[in-house]
Every structure is written in structure tokens, then in C-alpha cells.
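Below you'll find the structures, each written out as C-alpha cells.
You will see chain A twice below: alongside chain B first, and alongside chain C after that.
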Partner chain A sequence: MEYIKYIDVTKCDGCRACMVACKNWNDLPAEFEEFHGSYQSHKKTTANTWNVLTFTEHVTADNQFEWLYRHSSCLHCTDAACEKVCPENAISYTEYGSVVINADQCVGCGYCVQNCTFDIIELATKKDENGKEYKVAQKCTLCTDRIAEGLQPACATVCHTDAIMFGEKDKMLKLASERLNQVKERYPNANIYNPPGVGGTHTVYLLAERPSVYDLPENPETSYTAKLWKDVAQPAGKLLLGASVMGVVGAYLSNRLFNKEVDESSLNEGGKDDEQK
Partner chain B sequence: MMSKNNNQETVRRFSKPVIVAHWLNAFAFFALLLTALPMYTDFFNWLYPVFGGPANARLLHRIFAIMFILPTIFMILVDPKSFFHWIKQIISWKKHDFQFFAPFAKDFIGKHADVPKQDFYNAGEKLNSIVQILTTIMLIGSGIVMWGPDNFPKGLVLWAYPIHNIGVGLAATLVVGHIYLSIGHPKSKASLRGMIKGDVSLEYAKEHHGRWYDELIQQEVVQGKKGKKSKAPSNSGKNLGV
Partner chain C sequence: MIIGANPAENHPISFKWLLQAQENGGKIISVDPRFTRTSSKADMYGALRSGTDIAFIGGLFNYVIENNLYHKEYVAKYTNASFLVHPDFDFEDGLFTGYDEAKRSYDRATWVFQRDAEGKILKDETLTNERTVFQLMKKHYSRYDVDSVIAVTGTDKESYLKIAQTFGATGHPDKTGTIMYAMGTTQHTVGSQNVRSYAMLQLLLGNVGRPGGGINALRGESNVQGSTDFALLSHILPGYLGVPTASAKHATLKDYIENETPKSGYWVNKPKFIVSLLKAFYGPNATPENEFGYHYLSKGNKNYSHISMFEAMYNNEIKGLFAFGQNPVVGGPNAGKEQAALANLDWLVAVDLWETETAAFWTKEAGMNPADIKTEVFLLPAAASFEKEGTVSNSGRWMQYRWKAIDSKGEAKADLEIIHSLATRIKKLYAGDTSAKALPINALYWNFGHGDHPDIDLVAREINGYDTVTGKLVANFTKLMDDGSTASGNWIYSGFYPEDGKNLSKRRDNKDTGMGNYLNWSFSWPVNRRILYNRASANYNGQPWAKGKEVIWWDDLKQEWAGYDVPDFLKTKAPSAAGGMDPFIMLADGVGSLFGALNEGPFPEHYEPYESPIPNAFSSQEFNPTIKVWTGKRNDKGGIDKYPIVATTYRVTEHWQSGAQSRNQEWLSELVSDMFVEMSEELAKEKGIKNKDKIIVTSARGSIEAYAMVTKRFKPYTIRDKQIHQVGMPWHFGFKGFVTGAIANHLTPHIGDANTMIPEFKAFLCDVRRAD
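Now for the complex of A and B:
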């Protein structure tokens, strides 16, 4: 069963309880950042801050000031670039539609960080039992561990205005489109953000303004470079490599079959260790 | 004809710097290949502990990357004559170069074939050089971006990964052929001596690099059959088939 975290930004009052609940449930350390000149606490999600409430200062068409809040976290793409480029298959899809990282398989290469469509995933620095530092990619799991136990994600549970809702995919999408009709009058630019370029997401937004106003890409796509890399170049490279190895083995054998002059050839200066013998 | 024993006459083919650069490059290439192989295919994941974990493998990959870049710089500084002779040769494509491949294919599998007289570098070596230079540019260029992706625009970073991937697939494939021809293929085995000791037998030169051999005769570097071991300089002569 696929589930969706549906975020209605028009209901959000910017309390940041979702940030606290996430840290709490996932046992993530606090991260102190300098004052950035805004009410927003952190610039963006990091390996230890899996969701950030963004505060956007916005001037409306009739010259009124308003705050735009958005719960920013992993969108759990259906076609996730991070999953595609991971060389260790450490990133995978769950039956719920969430995208999760297996920390034991992750080697900390950071390919997912560079390829993430929404610039969410990052590397955490940890210490092993010998005190040696190592890197591991981390991000929101959609509280897959909670879903498996029949619970809702921590952020959805704690949200006191129901701006974060969690449930079956169809139900949530229906809720979103109904709500869109309700808010259209107040927010004429309102839209549902469930980008088809990444096959849809499992965190779906009802946005009050254009995605770009919230620093979201308007038409995000799973990068074609990732597809070229993993769907074309790598399989072709392996095929080519395998074919060339087979080619030279075949050539070696056929040389032994056809090439009768070899044994007396003076060109073989190798001497004793010659495998012609 | 020349005697068919081990005391046959030889002629210098590669200079010391060429030999040093070639083997340094070869070593770096394999070290790079091995330190990255577990990321290319899960089948080689056991290599991680061999290199002391993924982080160490990445560090080694960067050290070998520098070693991979050095030979080219070394050649340009120490022996530019050989280096530019190589470059000039591999971009010279004439009729005898294009006529190389069809008979070579027969020769490759051990059948008798009449390959037209070749330059100091035969057409196969030329093609190998050109493609290998291209893959080297791809690998080093994209590798620099992948080393510090935060210093480059995202569009460039995203392209670096597939380019690195294509580069290594092509390079490794060529290397398989290159190694086979130097140690596995009975007729071209003799060329390996040129890259180890620096010289090759005159007979090999005549048979595999006929146009170079003709130049050597013409310039009286060698005298057909008699005479002691010649001391021709590397890439003897300026206009070898160029």
C-alpha cells in the first residue's frame, strides 16, 4: 500500500513542532546555525536535520505582506535520482512508497547528494567503535519504521493544525484537490505539487504560490544524466568489457588453432616462459 | 637473412622517459581501476576491505589519480621530442593506415594476412592512442569535478558522473586488447621488449613497422643486416612517416 504525506501549507502556522518531533523520534542531534537574517532556523535540510520549516517573506498582488511557511523534507520521489545513482544499492523503495537508505550498505560516496533533484539528502559524519570517522548519507525516512507499526510519521502526528496529513495515496490526493478548490479564492496561484517529472512524489504539497516562490523547482525531472549514466553507460561499459575479454580469449585460442608458424617464429624472444610450449 | 637466435640485431624504439612514463601510467591506471571497481560493480565489493574501507579506497583513488596525471607532464618536460613525435604520428592517417584494419582482423585470430607497411606506430597503435587520449581527458576532466563537486555548477557535476563512467568503460576495454596484443598475441609479442628494454629486433621492425624500417635504412641508422647493435636515438629521424 502506497502512502502519502500531504502538506497543506495554507494551514501551517510556522510553529516548527514538526522539526522538534522529527529530531525527537529519529534521535538526531541539534544543529546550531548562525542567524541568517530570517525567522527560518536552518538554511536547508541536512544529514541531521531531516525537515526544516522554511519562512518566505512574500508580497501579494495587492501589495500586502505575508509569511509563506513550508515543511521542507524529502519528497520520496517515485523515480528517485538518489536511488538510481547509488553504486551500492544502499537506497531503495519501500512498499509504502518511501525512499530509504540502508546505513550498513552506504559507503558515503555522496553521489546521491550531488544528484538529488531537491537538494535534500546529505552526508553525516559518524564515528565507528574505534573512533574513526566515516560518512553516511541520511535524510527523512517518511518514518518508515513508524508506518510499519501502523503509526503515522512523527511530524504528521504532532502537527496541531493538520497541515501535515498522512494516509493512503488516493485519499490524500483527493483531500488535496478538494482543498485546492477551497483556497483558490484566497490564493489564486495555489497548486498541487506532485511533479510528474520524478514520477510523482510521496510528499505532496498544496502550495499557496508558484513552486519557485518556495524555492522548489517548477518542473523537476530525474536528471537525464543519471539515466544516461546508470541505464546506458554502465551496462554498455560492462558489456563492452566482457565482450573484449571474451574476444581476446577467443583470439588466443584461434591463434593456437590456426597459427602454425608461431612455434618456429624468431619473433618470440620471450624464451623459456613462452606459453606456446 | 638474419640469424634466428637470440643475438639478433636490434634497434632502439623507445627512450627511457617513454618507458618510465608508460609503466607509471599503466600502474596508475590499474590502481585507479581497482580502487574504484567496487563502486562500478557489486561483484568486487570485497575489494573495500582490501583497501582499508571505502573512505581509504577513495583517498587512494585520488592519490593514484595524481600519479595518472603525472606521466604526461613528465613526458612534455623531460622528453618532448618523443612525446610530440607520438602526437604527430597518431594524427597522421594515410592510405596504409586505413588499409591496416581488414588484414589485421585476420591476423588477430591467427590467420595469415598481408598488412601494408606501417609507420613507427601502426594504425592500430594510432587508434589506441587517440581513443586512450580521449578517455584520459574524459576521466581526468570529470574526475577533477567529482573530486570537489561543491566548487562546480550542478549542471557540470551531473555530467561528470556519466562521462567518468563512459571513459572508464572505453579505456578498460582498450586496455584488454592492448595487453593481449603485447603478451598474448604470438606475432606482436616482440613489441613488449620495446617497452621494457627500449629496443626491438630489426626483423620485428621490418615486419611490423615497414615504413619506419625503410626510414632507418635510408638514414643509414641500420644497414640491412650487418653491423653491430645500432645506437639510433629514440624516434630516430624527424619525418618518420609523418
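Now for the complex of A and C:
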């Protein structure tokens, strides 16, 4: 069964119980960030803060002031770039629609971090039993472990205004479209955010304003290179050429994959080899 | 209408229901100096400068009367609008008749109604006689026209009119509206009159005693209602019985009863409640011969509220203090002075979950030199709410039993256990002692089981009340007697435990028993009634004012009141019977008081806060003429020359009170980890402050450092062509816990309301500048 976490930001009152519930269920440590000059506690999601409530002060075209909130967490894309670029197949889709990382398979290469369409995933630094540091990619799991036990995600469970709802895909999408009509009067720019460029998502928003107001890309797409990597180069490399040659074949692609933030020199860092130094 | 409250942040679960009401077509109005998370969800928002609620509401009285929006039938018969007031009663330049400047109080001789030879109040139900309460009120608030009001509150005119129109429309009998308030209303030198003004607005609109009406106090903690009911205040005994004072009128029980019992209304039963309370206190040691132990009650003649106590401590008049779950070094007004006051104590017992700033007031991190402190400090670890059982009463007066979820860690104990252990040990200490000071202790009937763990069921039974001969539980307070044959620890709760095995606060029946009442869920005092004064939900003939607004109604066939709630009225008293149209049974006149005296006078009048940025536009009385002005060291008053900016304090969703609980919890601490001060972009520009800058805020009491949070949610007020800035800050921070920060209350003054002495945390003057 495919599920959706449907977030109606017009119902959110910014209480942040979702952030606490997530840390509680997933046993994540607190991360104290510097003062950001607003009510927002964390600049963005991190490896140990899987959802962040964003606070945006917005003046509309007709000079109305709105204080907008958004529960920002993994969107669980249908065509997830992270899943496609992962060289170790550590990231996979579940039957519920969630995109999950297998920590045992993850080598902390950071490809997913660089290619996440929504800048969600990050690497956590952990220590093994010998006290040696290693990296592992972490993000919201949609509480896949809870879903498997017939429970809702922790954030949805504690949301007292039902701004976070969780349920069967069709049902949630129907709710969202019905709600959209109701909120149009107050929020004329309201829209449903379920971008087709990533094949749709399993965290679907009803936004009160244009996506860009919430720092979301207007028309996101799973990058061509990510698709190429997963669907052509990686299988070809693994099947035909062996892993060592694969790196060479993939050099062009990986360069592209890392173009987002890091320079070329950092291509030599990270990844499994680096991890085992 | 939410005014002086911010439920989305401070009472989020209540806000869930408000949002549902909004889904059903209800409108939410948010009135606040600052655009809050509540405002962001509201249908309309009105800004008001801190400390101008009475001007805001006075303007609504005027608007509602001038535009004929008030509920005429309701006002005519269910309030004292028609009563004729004493011919000499008057009002001039901010003062009502009878003011004594030296005493800063009033002689209330003219604040009374005209009566005929038989003592009956003279009325004019056409409300046209110029001595009627209605005409006097109309005249009083004719000065509060919209332009005059917004010239004080700073509200934008369009918003004000929209709010006036929307809320005023609830005066139609088909509609109701409620007002929700909290500490933004009460923590002012005019706090009591602020609340009273809301109640009067609701009377004018016929919104009291009706479903969806009333004024709803959002309590500062989950059990503030319960603790108030149980007299965690210095001026009352359990069940709102006045504390006897050291005065002739309270010299004996007979004197107390004679002077404190009204001649009409339900309080005529007061003797039964006080005697039953004394029987609960003193048990077999309370007899008719010894006036049921009344003489054991300590009697004083001072004010014993928070500010007074700390002033006394500061002046070396008090030797010891128990601080139960209280953290005045962070939460007290003029907290720096209060911290200094603690150093004058011989001993301090702090009872809390963690070592609070108060428990650690003597340390280096508190800025003290431990070697200079002679106070002996005891820290008793307390159990958290889910580590103990007992009841919590919400603001709907629902007494809800809670069971223990987990055991406490270490030696932590429930408050009840701590008090019990203290009581049994103190009694043991004084056993056999016949000195005067030992008598009340020895007479105290403390019979809650053996050992250190009290039997909570015995406590519950005593609260409900029992027959002192048979020990049988009483059905409710109508069975209480004034002859010593019954005992009850709190008459208003009597009935929650009417018979063995039936503790109604434990009920959890989730079924709607009609009109959104859940009569079988917990117990609501009094006698499980959910809407107080619900006789007012029905018209003169005893029928609901409107369809869809039914609560109770008169069943002519059965000759009794029927409906969805327990009638707040004699069940068999017909509307046509004498007093059949007097819904306000706790009041001597049986009707709602549009004219009703608090210490400042019978009508709320706008006075500026003690520290105000601008002269009072309504009169030459700058601030409340009846407040006590504290003198002496560290009670400086700030003026606009040095401190031109209005400041207020508040809480955020993520922290709890003084932060003792939330700043010791990492997942809450990371959400709001720094002390900040919110200010408008305009003020920031004026002061050369950028967002995230470190700033210094100063007041006449002290100065603090914090981060600037520059926001569009604060706007300067234009008041009589003058631009007035306001800043706001949370008061959650201190020097203990995972996250620390400056204590906002180093800035706030020791000044309180004239009736309750609640501190004026919500409006004071300051200045801000960049730290570097």
C-alpha cells in the first residue's frame, strides 16, 4: 500500500511538536545552532534533525502580512535522486512509498547529499565500537518502522491541528484537492505541491503561497545525470566492467553529480576508500 | 475574540478546537501588541499598545450601544442596566465619587442603587432614566469613540471597525461569541478591570450563560484553576471563602459570618461552607463551643501577595520561604531585587524537579558570592506530574483524575507526600506542647493514613465532604450544614465523590450528551454543571433564545428545568415565579453587574500603565489611582526621558514558565536556545540595530543582554501623531539548564493591580541599544 504524508500548512500553528516527536521516536540528539534571527531553530534539515519547521514572514501582493510555517522534511520522491545516485544501493523505495537508507550498506560517500533535489539528506558522523569515526547518510524515514507496525509517523501522531495527516495515497490527494478549494479565498496563491518532475512525492504539501516563498523549487526535476547514473552507467558498470573500472567510466557523470556545491578537488574525498583510511 | 492571550503558542491544545470552530464558519479575532502565531491563524488581527485594553473594550461598549447591537432583552432583565444609581454618584476627570487621595482609595457610599421604602431597588426597564446603569454607562463610554480609542491603543482604524462590527454582531440573539484571555490581560495595574471590561461586553451582547459565550480564562498552568479553587492565594480559603483578617468584623466566627454573608443570592449558604471547612480542618477538635476552631486560623491585616512578600523579605521581615515549583529569581517581577531578598532569609526550601535559579540563587553563576550568603538552602526533589496521581482542574472547571504513569527517580516525591511528611513531623514535634503557637498545630485534624505516603482517597473524601457522625459521604454541597454535622474541604467540589466507589473525576465517557456537552466525562464543579449561569441561555419564558443555542429550558408539563446541562438554577423555579428571571444566582441581586464595584470604581476606566510612554488622553489621572505604589530601594520608576520604549514579556510554545522544565530538556531547548528581544524594523533602523545583533535592554530596574529579532510582526504605534515603539521578549531564560540567557524580569517593576496585586509584567518602559 502506497501512503502519503499530507501537510496542510494552512492548518499548522507552528508549535513544532513534530520536531520533538521525530527526535523522540528516532532517538536523535539535540543540535544547538546559532541564533538565526527568527523563530526558526535550524537553518535546514540535518542528519540529526529530520524535520525543521520553517518560519517565513511574507507580505502578499495586496500588502497583507502572513507568517507562514512549513514542516520541512524528506519529500520521499517517486523518482528519488538519492536512490539513483547511491553507488552502494543503500537507498531504496519501500512498498509504502517511503525512500529509506540502509545504514549498514551506506558508506557515507555523500552522493545522495549532493544530489538531493530538496537539499534534505546529510551525513551524520558516528563512531564504531573502536571509537573510529565514520559517516552515514540520514534523513526522515517517513517512520517506515512505525508504518510496518500499523502506526502513523510520529509527527502526524502528535500534530494537534491535523496539519500533518498520513494515509492512503488517493485518499490524501483527494483531501488535499478538496481543501485547496476551501483555502483559496484566504490564500489565493494556494497550491498543491506534488511535483511531477520527481515523479510526485510521498510528502505532499498544500501550500498557502507559491513554492518559492517557502524556499521550495517551483518545478523540481530529478536531474538527468542522476537518472543516467542509476539507469545506465551504474548497472552497466557493475554488470560488465567491475567496480574499479566503473569509477573511471563514471568520472564524467560523477563530476556532474558533484557540481552542485563542491569543487572538483573534493571528488577525491569521501566515498568508501576515504572512509576506510 | 482572543485578547491578552496567545493560545496557539501558550495553550496549543485549546487552539486545536478554535481551528475546528473556524472550519465550521467561526471567526477568530486576535488582538495583541504583536502579531503572534495565534494572529497568523486568525481571520482578523488588531494591534493594541500594551496596557490599553480598557480603551479598546470601552470603545466596543460605545460602538455596540451607539449601533444598537446589544442584546436588548437580555440587558434589560438579566443585568443591572435598569437599576437606578444613587443620585450623588458621579465621575469627573478620571475619578469616581468618593476618592481619598491620601489613602489612594474610595469611599463607596454613592456606588449603590436607589431603593424604595421597603428596600427594593428602583428600576427602569425602558433604560431611559438618566440614573439607570445603562444611561450612566452610555454616558461614561461616550468618551470612548473610535477615534479617541485608537488614538490611545494605536490600532489601525479599519481593523478596529472590522473587529467591532464582527464581535458586535454577536449581540444578536441567534449568535454568540466568546472572549479568551490570559496573562496579557491580567498582568497589569488595571488587570482586574481589564477582565471586568470583557465580562461587561459579554453582558451587553447577551453572551454570558449561553453556549459558545462567556469569558474564558486561559490559565498559566494546567492546574491554575484547581489551585485557585483550593486557595493557593493569600486572600481566600478553599472554595472562595474570604480569609479572616485581624479586624473587629472577623473577631469571632459569629462576626465573620455576619459580615461576610450576603442577605440574598446563593452565598446566603456561606455559614454552612465555612463551618464544614473548619470541621475538615480541625475534625473532632472543632466544636460549636470553640467556634469550630475558627480562632485557630491565623489572621493578619496586610497584603500577603507575591510582591508584598518579597518586599517584606527584602526588608528582613520574613525568615523562611518554601518555594514549591516556583522560581522567582527568573519569574518574579523585579527579579534582581527578589534574588537579593532571598539572601535575607535564614532558610529557603526549594521544591522542584531540578535545581532552579531560585535554589541556586546564592551561587557564583547567579552573580553572588557564596561566602556572603547566610541563607541555608534545602532542595527537595519533586515528582513530575506524570509521576503522581491526583486531579487537575481545567479552566472549564473539569476536575480530571490522572493516574501515575511512571515512578519518580531517586528520592523525588509528590507534593502531597512532601506536605504530608511535613505535617506529620511538625505535629509530632509539637505533641504535648500546650503553648499558644502549638494549639493550632495540635488541633489540626490530619488523618490521611499512616506512614509517609498519604492515602489520596482519604483526601478526596474529605474534599467532597462527609457526615461527621456516620462518616458517610455527602451527596453534594446542598447537604452541608452549619452545625458541625458535616465536614467538607472545599464546598464547590462537593458532589464529585457522592458515594463510596464513585469518584466522578475518574469518569471518561466520551459521549456527547447534547450540544457538545460531555456530562459523563470527569466532573465539573459545581454539581457537574458545564455552563455557569445557564438560566441566561433561555429567554424570559424559559425557552432558548435561538435554535441551535439550547442549553436548558423550562418544561411546563413537568414544571421543571430540562436540557443538556445541569441547570444553574433552582430546578423547580418557574420563569414566572419570584426571581424566576434572575440567572446570576451567586450575586445578591441575581443579575449580571454592568455596574459593579472593584477598587477602582464601578466602570472600568482607562489609565495608563504605571510606566507609560504618553500622557493619559482620557483624564489627568495618569495611572490607576488606587494601586499601591511601592517606595524604598530598588523600586525606581522609569520615565520616557531615559526609557521611551514600551516593553512586554511573554512565553513561547517551546518553553514552559521560568524554563525550569523546558530548559532542562534538550529537545525543547534546541528549538528556542537563545534569549531574544523582538522589535520592529522601524525601531531597529532608528537604533542602528541589525537582525541577530547583540543588544542591551535597560529599564529603571536593570539591564540585560539579548539577541535582536527584527520582525515585521511588531509595528510602531502612531499615537496622537507620535511614534511609539514597543518591544517584546520571552521570560523563560535564566542561568541553569541546557540553554541559558538573560532574565527578562530584571527589567520588570514591583507594581501590581489594585485588587489582586498581580504584577504589571506586560507593560513597562525600557530602552534598547546595540551591545558593541
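One rule holds for everything that comes next: the second predicted complex is superposed on the first by the 230 of 277 C-alpha atoms of A that agree within 3 Å, B and C clash if a C-alpha of one lies under 4 Å from a C-alpha of the other, contacts with A are read in each partner's own complex, and residues count from 1 in each chain.
Basically, a residue touches a chain if its C-beta (ideal position, glycine included) is under 8 Å from a C-beta of that chain, and two chains touch if they have at least 3 such contacts.
All values derive from a computational prediction rather than experimental measurement.
Touch criterion met: A:Ser41 reaches chain C, while chain B stays clear of it. Residue contacts after overlaying the shared chain place A:Cys109 against chain B, while chain C stays out of touching range. Contact comparison for chain A: of chain B and chain C, B touches the greater number of residues.
Contacts of A:Ala226 after superposition: chain B is touched, whereas chain C is not reached. In the superposition on chain A, A:Glu57 makes contact with chain C only, not with chain B. By the touch criterion defined above, A:Ala148 reaches neither chain B nor chain C. Legend: residue contacts after superposition of the two complexes on their common chain; A:Tyr134 is shown touching chain B, with no touch to chain C. Within the superposed three-chain model, A:Thr161 lies in touch with chain C and out of touch with chain B [touch as defined at top]. Residue contacts after overlaying the shared chain place A:Asp13 against chain C, while chain B stays out of touching range.
Partner chain A is touched in their complex by these residues of chain C: 8-9, 12-13, 15-16, 19, 35, 37-41, 652-654, 666-674, 676, 691-692, 707-713, 738-739. If you check the complex, the residues on chain B that touch chain A are 2, 4-6, 8, 39-42, 45, 48, 53-55, 58, 108-112, 149, 154, 157-159, 161-162, 165-166, 168-170, 172-173, 176-177, 180, 184-187, 189-190, 193, 201, 203-204, 207.
Chain A makes touch with chain C in their complex at residues 11, 13-17, 19-20, 23-24, 29-33, 35-39, 41-42, 57, 59, 65-69, 160-161. Those residues of chain A that touch chain B in the shared complex are 85, 87-89, 107-111, 114-115, 134-135, 223, 225-226, 228-229, 232-234, 236-238, 240-241, 243-245, 247-248, 250-252, 254-259, 261-262, 265-271, 276.
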